[in-house]
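Each of the next two complexes has subunit A plus one more chain, namely subunit B in the first and subunit C in the second.
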Partner chain A sequence: MSFFPYAVAAWLLAIGLYGIVTSRNLVHLVICMTVVQSSTYILLLAMGYRTNGKAPIFADIPVGTKVVDPVVQALTLVDVVVEATVTALLLALAVQAHKRFGSINPDDLHPLEG
Partner chain B sequence: MLAATNFLHNRYFADVVGVLAAAASAVLSAILLARAIDHGPLVYWFAGWKPNGHVAIGISFTVDQIGAGAATLAGVLVTAALVFSVRYFEPVGHLFHALMLVFLAAMTGFCLTGDLFNMFVWFELMSGAAYALTAYKIEEQGPIQGAINFAVTNSVGAFMILSGVGLLYGRTGALNMAQLGHALAQHSSDMLVVTALMLILVGFLIKAAVVPLHFWLADAHAVAPTPVCVLFSGIMVQLGLYAVARVYWTVFQSPLEPHLAAFRDILIWMGVICAFVGAIMCFSQHHLKRLLAFSTVSHSGLFLIGIALATHLGLAGTAAYVLAHGLAKGALFMGVGVLLHRFVSVDEFELHGRGRIASLTPVAFVFVAGALVLSAAPMFGSFFGKSLIDEASLEQGYGWLPTVFMICSGITGGAVLRVAGRVFGGFGAHDAPEDPSEQEAEDEGSETEGAHDHTPPIMVAPALVLVVAAIVCGLVPHVIHTIEHGAEHFVDRGAYVKAVLDGAHPHFLESPPSKLKGFDFLYGAGATLLTIGLAALALFGRRIAELVPERIVDGGRTALGGLRTLHSGHIGDYIAWVTFGMAGLGGLFALTLR
Partner chain C sequence: MSRRARTALFLVSAVIVLIVVVAGFAGLPDFGHYKGPYGKVLALFSVPQRQTTDVVTAVNFDYRAFDTMGEEFILFAAVLGLAVVLRSMRDERERPSHEASDEHRFAEASSLLGLFGTLLVGPALVLGMYIVTHGVLTPGGGFQGGLILAAALLIVFLAGEYLGMKLIAPHAMVEFGEAAGAAGYVLVGVGGLIFSAVFFKNFIPFGSAGHILSGGTMPISNIAVGLEVAGAFALLWTEFMDQALVIRGS
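Right after this comes the complex of A and B.
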């Protein structure tokens, strides 16, 4: 059971990278990047999970109850924000690419070679 | 503030505020540097969360000499770039200055932090500002593709770093680098530590543009506005290497100690391959910005070798070389910017002979001096760095490394000197050799709104200042010795941990500064001669080239053509190389580091 989340994270990483490498559509490429980023979140949250731990909010549970690790949850939230910014930037670039190149297929973007 | 006042459309206001802010940052970093030199690492805990026992609860800024020095270099380069863009970059709103200042803030934070996750956050902020700056000329096709390649590659790298940090947190419960180092020292290295090491190194090496993770650099440089290229090559790429050094010495040194020789070999070979590939690609370019970008790739390889030697001498050499290289590369990019401003072209052959104007003599000087700094000519700033790395190589038994340095720095210096000769001297052939895969380097007018007749001095002055600083920085008394002492402090993990977790003032051993030896001058002179020789050969050597047998020429041309086809501009290819690099490095680490 405890091995499963890490396997999922590794699989998401692999499939996300494969998607980026073979992508023929810039929007698809950005979503594959999101998949790669999700693999990192799953890894982080799996690190923080404690069996039978409760949510780390001590409003109605006594101090000293076993909770899951809140630090990794904070890390994940920071990364979600960063991912949102980068994804927005990349999608804006994809829109511009469609305007300038007439296509969002990475194979059709050609000015930079050699 | 700058972004909010965009509606004012007052360019002067933006320039003044931008330059003052950047200069203030540089001055403050320099003050930190001076304090760090006197008192050892300065530790500041945000919101007063001091460590409890040996557990760090808050986020710390741990400022040591090398970190503060890197932050100062960043401040100086951003100030110079903003001064340069006052007259260079006509059609730009406040957002450019705002982005540059955010970029500077992120780089400074990156250099000063003592917490690994905080370092990742600054890394992402720095990268985000860089992507936006690269795509600044959004109306053209090139910047869009360049920015996409840059953004996707570096984001993948960033998430590798995050995964590695997560793994380390899972093992040790620590994010503060001192605490991580302390905790990892209790264990020997195992699969988890090795995986974390691989992920973190790959992420930072993508930023450092080391082969095979370097493809994004040339694309980003080719399309980014010139003041931005100054920063990319001058300091941003080197920060990736700073992070590799910091993570190795502070966090991973203990678990890797039994396997140090293997680790050293892997990274040194990576650096050597990178240096050669970069140098060959550099010499074969005639798009000036791509040429300088590949020279940065080559030097990144050399810097990686310096760090990989894993001694304080190697690190000191890299730091000194980075300083001189950053200043000179910044000056060279500004020189290219002047040419772009004047002639609306960055193609070496199109600019043939057009620089033979009296008013452009200072720019010619910048190019020639920059070429010599890149080749580490004797007594120039970079020479001291290279001789320290040479000494470290010989100490560790890699007697063939100084020759690699000589050849690669000679090739890259030769390429720049060839450009100087062709553009400012009118030497050499007029036409480019047949090459259908060449990138168009002509249609570059939008940064500067067309050609200009007159080059304002405010554009040439920063370039001159930077290149002269690159030449003399080794000769200013105490600079090199201070860098050496800084490197000694950097590699001393025990003292770093004590300073951060115990708040103690560490006592560092001070060894006597190293002296220049005879063979340093020999290698330096060799590199300079190679630079001049290669430039002369490229410019005047058609007859000699005709003497070389056909088969060798064809074989060389096929190999070079193959190498250039690999740099295809297609993002899928780049990420495939990243995956290959990750798998290769991971496999090598798994085999040798457990």
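Right after this comes the complex of A and C.
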């Protein structure tokens, strides 16, 4: 099953995009976006995995031990935190959209007025 | 565009995207057989070269510290944008706190929840600080520890004390913490420029691996990032809760 994690990443991408396109609720839409984003985490972490590799922390294992790739882990780690704040920004926009239009269905939002 | 047409368009494009994705994934290494050389090299050199036992921290705060600065400012800009989007609008006013101080206690927190919340705040703060300061040794660092620190504030809120939360972390202080963290991280980079002529070069002696102050500038960067992340998320909680509790349409 060496392709299984990649299949999960592709599935999350597809299901997240489907959710975004068919969404009737801005909050739901934002959460779907985070699903799409989590597919990139799965992809990164799956790609960097080495069979039987240990975590790249040498506090209690000798240098030279087979470890999984630390670079993709570092990328994922930072992005998880940054993504949370971007999600919050989008949710804030949803709050204001609800105040302005009285609805959070994306179909009910009107074009911007000057 | 009608929902039907939109969904149809999506399904057609999704098939195309899927074909591209599968073709791309086919070129990836088999699961468990990653070939990238950088991770291997860094795993071998991070301890002898940087005296850092957590390679992930060494990557984030030393080898690619400059990129982390960029990412940190995405976080900064996102929270700044949130504060702008959620400001009091023209036709809104902020309720004076004495007017509705009882309503600040949301749906009344049960006394048990209040008790455990109060008991948990201290340990959560200690854990957060531990994670921030031990980033160079074990899994953790500024990003994770900062989040735990901000979560401690949420526990105060859960215990039914929104006003208490604002008392511990007033708006101005939270904003200052976030900005100071961001500035501190940049200053570490400028320090590299001043003392070693390279932006973000690690200019402090590395010490010895396994020691809490090993890794040169990394412990400082971790504290700066921890401060920024904790400030950013605390600001985020406050802004959303103000929307729910304080700001009212006229």
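To be clear about the criterion, the second predicted complex is superposed on the first by the 111 of 114 C-alpha atoms of A that agree within 3 Å, B and C clash if a C-alpha of one lies under 4 Å from a C-alpha of the other, contacts with A are read in each partner's own complex, and residues count from 1 in each chain.
Following the convention adopted for this analysis, a contact is a pair of C-beta atoms (placed from the backbone, for glycine too) under 8 Å apart; a residue touches a chain by one contact, two chains touch by 3 or more.
All of these numbers come straight from a predicted model, not from anything done at the bench.
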Partner touching more residues of subunit A, whether subunit B or subunit C: C
First (subunit B), second (subunit C), both or neither touched by A:L26: first
First (subunit B), second (subunit C), both or neither touched by A:V36: first
Which of subunit B and subunit C A:Q96 touches, first, second, both or neither: both
First (subunit B), second (subunit C), both or neither touched by A:L44: first
Partner chain in contact with A:P106 - subunit B first, subunit C second, else both or neither: first
Doubly contacted subunit A residues - partners subunit C and subunit B: 9, 13, 17, 21-22, 47, 71-72, 78-79, 82, 85-86, 89, 93, 96, 107
Subunit A-facing residues of subunit C, complex: 3, 6-7, 10, 14, 17-18, 21-22, 25, 28-34, 36, 38-40, 42-44, 46-48, 53-56, 58-60, 64, 68, 71, 74-75, 78-79, 81-82, 85-86, 89, 137-139, 143-144, 146-147, 209-210, 229, 232-233, 236, 239-240, 243, 249
Subunit A-touching residues of subunit B, taken from the complex the two chains share: 117, 121, 124, 127-128, 131-132, 135, 138-142, 144-149, 151-152, 155-156, 158-159, 162-163, 165-167, 169-170, 175, 218-219, 222-223, 285, 290, 435, 437-440, 564, 567-573, 575-576, 578-579
Complex contacts: residues of subunit A adjacent to subunit B: 9, 13, 17, 20-23, 26, 29, 33, 36-37, 39-40, 43-44, 47, 71-72, 75, 78-79, 82, 85-86, 89-90, 93-94, 96-97, 100-101, 106-107, 109-114
List of subunit A residues in touch with subunit C within their complex: 1-6, 9-10, 13-14, 17-18, 21-22, 46-51, 55-59, 63-64, 67-74, 77-82, 84-86, 88-89, 91-93, 95-96, 99, 107
